[in-house]
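Same chain, two partners: subunit A is paired with subunit B first, then with subunit C.
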Partner chain A sequence: MGRYLLTRLVFALLLVFIVSSAAWLLTRVVPGTFVDQECVTLSPKECDDLRKRLGLDRPLWAEYLSWLSHAVRFDFGESLLYSRPVGPLIVERAANTAMLATIALVAATLIGIPLGIYSGTRAGIGRAIVRTLSVIAVSVPPLIGSLALVFLASRTGWFPVGGMSSAGGAEMTWAAWLADVARHLPLPALALAIPMAATLERLQSEAIAASSREPFVAASRARGVARARSILSHAWPVSLRPILGLYGVMIGTLFSGSFIVEVVTSWPGLGRLMWDALKARDLFLVAGCAATGALFLAAGTLIADLLLAYTDPRVRSGERA
Partner chain B sequence: MNRQPRALLSVLLIGVIAFVAWRWWSGARPDSPDGGTEIVFSETSTRGGTLTSSLRSEPRTFNRLVARDVPTELFSTFTGSKLVRVNRATQEVEPSIAESWTVSSDNKTWTLKLRDGVTWSDGTPFTSADVLFSFQAIYDPKVESLVASSLMIGGKPMTVTAPDARTVVITLPATAGPGIALLDNLQLFAKHKYEGALKKGTLAREMGVAAPPSEFATLGPFVLKSYTPGQRIIFDRNPRYWKKDAAGIQLPYLDQVILEIVPDQNAEVVRLQAGQIDTLQQHIRLEDIATLRPLEQQGKLRLIELGVSTDPDAFFFNLRSTYWEKDRRRDWITRKEFRRAISHAVDREAFANTVFLGAGVPIWGPVTTGNQKWFSPNIQRYDHSVERARELLAELGLTNRDSDEWLEDAKGTEARFTVLVFRGNSSLERGATVLRDELKKAGVAVDIVPLEQGLVIDRMLKGDFESIFMAFTATSLDPGLNADFWLSSGSAHVWNMRQPKPATDWEKQIDDLMVTVIGNVDQTERYKAFLEIQKIFADNLPVLYFVAPRLYMGVSTRVGGVTPSILRPQLLWNVERMTVQQAR
Partner chain C sequence: MIRTTTLFLAALTLIAVIAPWLAPYEAGDAFRDFLHAPPMRPHLDGLTPVVNPLVLADRLEQRFEPDRSRTVRLPWIERDRATPVFLLGADDFGRDVLSRLLYGARTSIGLSLVATLGAVVIGALAGAWAGYRGGWVEDAIMRTADFVLVLPVIYVVLVLRAVLPLVLAPSTVFVMVTLIFIAVGWPFVAKGVRAIVAVERGREYVQAAQSLGASPLRILAVHLLPACGGHLLVQATLLLPAFILAEATLSFIGLGFPDLVPSWGTMLAAAGNYNSIARFPWTLAPAIAIFAIVLLTNLLAARHTQNRH
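Right after this comes the complex of A and B.
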């Protein structure tokens, strides 16, 4: 197990290095730089001064080596856009994204998995309704889904139209602030959770339908185990294998921030930060965000693998062997 | 029961539920943003309250010396005061911290008298030493200030002295056509706060977004209360603000202004509809007006027409001769007759209807009726006529020499060019499509290439483009303050930037006339010179203009004291006099 964890750690570090370097280099080599828009109305000298001040006047390799020498110490430089170190900027936003992602993941799991078990083991109108709704939810693009929820919020006033907290949050007590954030969470969390729940439902439904046909499930039924217990104790754990595989990707994707949902719902997260950085060609911030995303992806797949080993007896026995 | 009828039944059931929910929901819209209590407006309250506006992007810094984006500009409007300011509604210069001034007979020296009793927000008295310090900071090469060039005449700085604590004498290296309006660009900095940073060469890094609000010393109607990244900026009333209204009431009227950061334009409009913000950062997209009309009819929102945009979308060719020297199209593509043919070929009415949903006026030059002071109604107009366009093209040797729909020159080269346009900008993308369709009728093919904004600008700066359709934002309505566009040496002379000497006779003529516009203090002479410039411009068409949109702002009816301006920030420029009716 120790060796396995070490391998995964090395893999994660390699992934972070490759992804952040690629993000830095791609942002740097694509025509157009951070200062171009300013340069339209500046004299050539003022424009050159600005490039020099921002360290964009050196050859590509010199800039890259300088960035890399700091990046290996997890110092991703200073954001051109915000004139602040990239690290604290990312930590600030990553915390917001993590909060949203956790709620969305829990919501998607609580909605998607039970519905998947239901539709995979039952027949009738209920199953058809669940399956139709999940097709609709999977098909709606995140932009449309988010806008529809924003529209719903504005029409009904059930929850705030956007943002993470109300003005005056700084003066609130901790508990009041938490309650305020909780009021703002449903909109972005649902925008993220609904398509994920639908995906989980579809996958769970197929997986449990297949595992229910396994001989050991039939054997448990033959031993007199009740149908519901047989499904939950025998068929369901085995059916989790593809679900947990998907979880790894989901965790990585969610925790690196969904820029569409965050932009539309004005949630100050990592996805929105990366989007702003990309628009402004802030290569240091882009690389930092990409590295964080890669780290989350690696962590997500690791967590999924560990969960799989925990839930699937075949995986556990394979490990022992 | 087999699966198919079941699926159909479930779809039907979902549809019925959705319809019932929609009907119920249609009547369920709350009257208040809090979703319960109805807001009853106080009839008399003008003092106090909070105004909430949107802000599309995050601030990079609060230091106006090194940034001039919208958030920094708004910060400076809310928290800053100027010696004199240009009233955005009337375009006239009005006293501010300088209560009066005199101009020397040679128009090169201004003597300004500062108001008595003005203090910074931290209570320190404001004196002429602060003005001297501000000029010193702006001109310091280590600061690399972006506003330095706007306070120079012919590349030379002004000389500033302070005979006493309330007097400032500014001597110009040469006369300046815009006159004392130039000082509208001067941002004042507190000497007691930033003198050390200037000496250490770190002033450019001061006033960052992470700096605690208590560290700021400002002179404006509001002080920074907090900035929460990704969420909002909050400003509180500055109790030490120097300005009073005619009744002697200290300004500003509002207690607080909140700028909610809403990066998505659709979400911004939804928030305005929901009453969660009082106004938008900038004008409303024309396609959103129909959505907001019902709120206007319900008395919840006012749609204010600001007038005709002063920043119309512009279409221009690359007129650098070096770019075309090896191109087979060089004999005709940079000729003014070709551009005139394009101007004739475009139906501006159709353009206005398609691109601006009818809310636009045809234009033939960069100065629109929105800029009444400098607009010339007597420039050359190119009426819509495909026949006239074809005649002009034929004079250039472009006729249809084969069976297809496009014209060719004598060498068989097709009349075709590429236009770069900002990707994602709906009005520009629609405009480029109309341009392509209109020119097709004249036999000219246009290939539209939508690119990311930064990429288009990069190509423009490098001179690597055939033509571009884009939007500019003028920094001022006075052409003397936008000289970079008009002068052949200018960095915003987009069709052929930064020429060492004028490439054409007409550009030289414009350069010569700009000397009067920039340096002559006689406003009549300046106006006459600029009329001539517009005439030359319309004759040669280095940039083509088709339609300028009418601009609208949306503001909640609870907001009072609004004085709209065509220049940004269209409503908030006068935030010190804005009021809100408060809920009881």
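Right after this comes the complex of A and C.
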């Protein structure tokens, strides 16, 4: 178990290191950085001063090492676009993305898993309806889903069409602000959750259908365990392995999805921040966003791996399952 | 399964090739008096389908009303520039959404087809080589593939695209975006191909070929890659809609094609703001087209899993 944990941890750290370094190098090396754009309006003297202040006047390797040595201490430099330290800026936006992603993941789980258990263990019209809905829902990627939901919201007024809080959100009391955010949350969260819920439903349905054909489920029924109980406490836990594996994969999907949802619905998250940073070639902000994204991703995959190892002893011992 | 999948891919290729010829107007034809004209409903006059032409009811509100006293024949039968027919409405420049949808099909599906083909070829070669050679070659290729697979695709595409100059000629965009898509798409193919080749390599027919003196290249090309045919087709069907969506996403955020090029992404980019979505929802037609393609793919995949059980 210790060895398994260690290799996963090393992989996670390597992921964060490579992704953020690659983002830094790519943004740094290509011509037309943020400073070059600023220098159009500055005198050569002012331009040199700006470079010096930002530490961009040294050889590439020295710049990179200096950035790296600060980055491991969570000091990602100063955003050129916002003239603010990158760290707090990212924390603020990453919290918004984390909130959106968590709510979407919880919603997808609460919708997808019970429906999957139902459609995997029952026959008849109910299962047909769930299956049809799920094939349709899995075909609504977040880009299409968020556009459709914005259309729905603008026609019905059921929820606000975009943003995270209403105008004047800064003056609200804490409780009022929370209620306001809660009103803005369902639209982007649903756009993210719908295809994920359908994916979970499909997989759970297949997994539980397979596991309820296992002899130990029949044995539990023969011992007189009620049908619902034999499904929930005997067949279901065994069917969880592929589902937990999917969660590891879904962290990536969640990130990709939340990017476009943030853009369409003006949710002030990490995705939008990175988009702004990329457009402005804001070197330190791009690298900081990439590092944070990779950190989230690595943490997510790590948690999914741990859950998998916890539920399946074969993974722990390195045996092929 | 292989037959339906091939048919599906062939049908999409056909659409990409012939769609612009079906378009009633040119993609750039702008009718300045019909900005944001709503879709017209065709009905039958005797045996010919006709529509009532639109008259501007309020220029400020961009409100149109059908003129019930007159009828116009569909543009495929008779084209009159004074009374254009918009079956799917018109966009913010007064261009026919249907025509742009058809021209955009060529850009979006065409690009995705080329990228899919590239990813399948590169992935098959890399996977086959890894599976056949084994050892450190296999490790190097498969670790790289695993690494690419872990990354959230859209961010990788975004960073790679963003470091290129923002303004590029449409043909350059086409090539660059295709290359980026291939770079993120090949591992999906390579993983499966490696697994199949690694198993098949030990089979008797491969040993027979080896003992007859066949070169590794010949064994790969003639014996092992055909064994992966089904897997390659399935991966192609899965990659294609993903690439169509990725193009739409890139163009939507302004990092894909320039707005003048008709593609499903640039159309959505123009239609995807709150005001436009609320008042002119017909400009979102490409979203329906993308949904339809993704749905078809998923139906194919669902049939595949059902047959397997």
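Assume the second predicted complex is superposed on the first by the 257 of 321 C-alpha atoms of A that agree within 3 Å, B and C clash if a C-alpha of one lies under 4 Å from a C-alpha of the other, contacts with A are read in each partner's own complex, and residues count from 1 in each chain.
Throughout what follows, a residue touches a chain if its C-beta (ideal position, glycine included) is under 8 Å from a C-beta of that chain, and two chains touch if they have at least 3 such contacts.
Computed from a predicted structure; not experimentally measured.
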Going by the contact rule set out at the top, does A:S83 touch subunit B (first), subunit C (second), both, or neither?
first
Just to be sure I read the superposition right, which of the two partners does A:T27 touch: subunit B = first, subunit C = second, or both, or neither?
second
After the superposition on A, what does A:L13 contact: first (subunit B), second (subunit C), both or neither?
neither
What is the contact status of A:P268 with respect to subunit B (first) and subunit C (second): first, second, both, or neither?
first
Have a look at where A:V161 lands relative to subunit B and subunit C in the superposition and call it first, second, both or neither.
both
After lining up the shared chain so the two structures overlap, which partner does A:L50 touch, if you call subunit B first and subunit C second: first, second, both or neither?
first
By the touch definition at the top of the document, which applies to A:V150: first (subunit B), second (subunit C), both, or neither?
both
Touched subunit A residues, subunit B compared with subunit C:
B
So the subunit A residues that subunit B and subunit C both touch are 30, 32, 136, 147, 150-151, 154-155, 161-162, 263-264, 275, 279, 281
Subunit C to subunit A touching residues, read off their complex
147, 150-155, 158-160, 162-166, 245, 248-249, 252-254, 268, 272, 274, 277-278, 281, 284, 287, 290-291, 294-295, 297-299, 302, 305
In the complex formed with subunit C, which residues of subunit A make contact?
15, 18-19, 22-23, 26-27, 29-30, 32, 135-136, 138-141, 143-144, 147-148, 150-151, 154-155, 161-162, 206, 252-253, 255-256, 259-260, 263-264, 274-275, 278-279, 281, 286, 290, 293, 297, 301
Which of the residues in subunit B end up touching subunit A in this complex?
3, 6-7, 9-11, 13-14, 25, 28-30, 32-36, 50, 52, 57-58, 60-61, 144, 146, 148-149, 204-205, 208-210, 226, 228-232, 234, 258, 260-264, 266-267, 270-271, 273-274, 276, 452-455, 457-461, 475, 484, 491-492, 498
Which residues, counting only subunit A, touch subunit B once they are in their complex?
30-33, 36-44, 46-47, 49-50, 53, 81-84, 89, 92-93, 96, 124-125, 128-129, 131-133, 136, 147, 150-158, 160-165, 167, 169-170, 263-269, 272-273, 275-276, 279, 281
